[in-house]
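Both complexes below contain chain A, partnered by chain B and then by chain C.
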Partner chain A sequence: MLKEEKYQKLKDIIKIYLPEDVAVTDIEQDSHFMNNLNINSANLVDIVLDVEDAFDIRLENDDMDQMQTVNDAMAIIDAKLAEK
Partner chain B sequence: MSRRVVITGLGVCAPNGVALTDFTNALLEGKSGLRHQPNLEKLGFGCQVAGEPLVKDNLIDNYFTPLERRGLNATGIVYGVIAGIDAWKDAGLEKNTTNEPSWDCGIIFGTGILGVDKFREAIHLIDEGNVRRLGSTSVIQTMASGISAYLGGLLGCGNQVTTNSAACTTGTEGILMAYERISQGKAEIMLTGSCSDSGPYVWGGFDAMRILPRGYNDNPTKASRPMSATAAGFIPGSGAGALVLESLESAQKRGAHIYAEVLGGEINSGGQLGEGSMTAPNSIAVQRCIRNAVTNAGIDASDIDVINGHLTATTKDGLEIENWSKALGRKHDDFPYINSFKGSVGHCLAAAGSIESVATVLQFEEQVVFKNVNCDDIHPEILKLISDTCIPRETKNHAPKVIAKASFGFGDVNACVIFKAFSKEESNSK
Partner chain C sequence: MKESFNWILNRLPYTEPFLFVNEISHVDDKGAEGTYRFSSDADFYKGHFKNNPVTPGVILTECCAQIGLVCLGIFLLGEKTKLENISIGMSSSEMEFLLPVFPGERVKVVSELVYFRFQKLKCEIKMYNEDDKLVCKGILAGMIGVANE
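On to the complex of A and B.
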């Protein structure tokens, strides 16, 4: 899977959780989920599950704790896909 | 401090009609919302008839965002939000779009059990050792107060936001709780109502108790027969009803349409003593509840011209009529008109009191007494107490003055609320 393709897939997951005052175009590689995109911590749990389903991987508790930004998520997805 | 309280908004999501227009038409015509349920047949239920609101998928989009719809698997929340938001809009109120909670607006929205299908989903995941896959919506959809929490967030209410639960009395009890809060000056506007989930996991327990009719699976619209000699048990239903209660002062200041006045009522319990039990009412308490409701409302028993009973279509209907008759001291031709909507909507359990109260109040608006269905063969025990003319089998043109509505529930709990027609002239004289 190309990096661009993965990024798009991730953005598609994130966009549904954006509050009304944040636009899809606000999503940047270094966006912090909670601080920049205003996604609440409860929904971050759901993003993790959606990522698991979309990429057919499993994220552990440590991975979830480290997943603070879009870049973090990309790195974790890459690592998990490489393990497969 | 005791202030006058009026009803300024109604909303409903019922087996025989979603939203006020369809619901009103169904009641005028006695159209049934009871249907054969293929999933109950597949699961081997004795009674395969039930009442479930027909909610179109695209209608749900009007009430929930795509994010809120994700993983939404709690029919009670869907019904409750539809009824609650509709009632709010019907009252001419808007969602709070400021950053300040509406301190004078609150919610008392009851349920018996919420998010049963969501809970089942969670149980399966947990039993598979997959608790981590529950996501964030499991708690909010299965907590009893999920329904008031959803509505509270959607409307931005800053007064009391809570969920009451008193079995089949829930909806009627909620109206009186909201009434008290406003009459005591603790709130100006309260959204009150109740909801009940659909499905085999809610209805199964009643089927197991063998209190549901088993002989009408091929004839669902005839299955629920309140006050009938051939009544064979209640048909379970589901849905939600909602009412906006408001201080008269606030309603008049806003120029809101007023459906009726709430005069108050009574809530009590028979203590499961005497003939009362977990599942059967103690008549002494039922009569006391009705009598106290009349006293608390500041009226005479003779002022009541219409009753909406609990009347579930079991063998206890005759006893209920006897309790009304004794409590009010009225019998035969002197007895008020009485109806039960359970013949067409079934027994919507925790939602019964609110759905039936919405219907009850609509009678003031329509200036009718809605018909009873499936009781052409009125039970002879009932006819010994009251005249058959008191039980309209066709919708009757009659402008109600004072309507008493009661609900009785498991746990031997009772609630009776008194509604009064509202006239502008009178509002200035008191």
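On to the complex of A and C.
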């Protein structure tokens, strides 16, 4: 899968959980989920679960702790896909 | 022999007038079941509604959450987890209300685990009255985990 394609897939998941005061166009590669996109910890769990389904991977607690920004999420997805 | 779930009740972070659990009849890693009788003396009946006391939907939701979500969460965290280390908060509720619950009625709450991952617990929950009629149902989720670890 191309990087652009993965990024788009991730953005499509994130946008479902954005609060009303944050627009899809606000999502940048270095956006912090909680600080920049105002996503709370409960919705971040839902993003992780959707990412697992979309990419057919499984994340552990450590991955969750490391997943602070959109870039972090991309790196974790890449690492998990490489392990498969 | 009936299994005792008193250790779960003892860890509930609520007290009067906001404790809405009397008894837990069953808990396993897939769900919880328990009961509560709404006291006719409860303060909220004085205002909901004027001269026509009916249990407010938010209180039914709270009762569903305390039995179905929090009791299950405490069970899943395990008996060794101390109450003072448990951090807790409701994150979403989507409920439908089908029948009124009047002062003094006893209800049964049954929850089914949807998932418990990364400290988020999500359940499908149903509440029944004494005639076994469905009172309300919905999906509740909350964050429950061990803090300071």
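By definition in this document, the second predicted complex is superposed on the first by the 84 of 84 C-alpha atoms of A that agree within 3 Å, B and C clash if a C-alpha of one lies under 4 Å from a C-alpha of the other, contacts with A are read in each partner's own complex, and residues count from 1 in each chain.
Simple rule for what comes next: contacts are C-beta pairs under 8 Å (C-beta built on N, C-alpha and C of every residue); 3 or more make two chains touch, one makes a residue touch a chain.
The model shown is predicted, which means the values in this text are computed figures rather than measured ones.
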(request) Have a look at where A:Y17 lands relative to chain B and chain C in the superposition and call it first, second, both or neither. (result) first
(request) With both structures superposed, pick whichever of chain B and chain C touches the larger number of chain A residues. (result) C
(request) Would you sort A:F55 into first (chain B), second (chain C), both or neither based on which partner it touches? (result) neither
(request) Applying the touch criterion given at the start, work out whether A:A42 contacts chain B, chain C, both or neither, answering first, second, both or neither. (result) both
(message) According to the stated criteria, A:F33 is in contact with first (chain B), second (chain C), both, or neither; which is it?
(response) neither
(request) Using the superposition on A, tell me which residues of chain A are in contact with chain B and, in the other complex, with chain C. (result) 42-43, 45-46, 49
(message) Touching residues of chain A toward chain B in the complex: what are they?
(response) 16-17, 42-43, 45-46, 49
(request) Mind listing the chain B positions that touch chain A in their complex? (result) 66-67, 70-71, 133, 135-137
(message) Applying the document's contact rule, which stretches of chain A touch chain C when the two form their complex?
(response) 40-46, 48-49, 61, 64
(request) Would you tell me which residues of chain C are touching chain A in their complex? (result) 91-92, 115, 117-120, 141-143
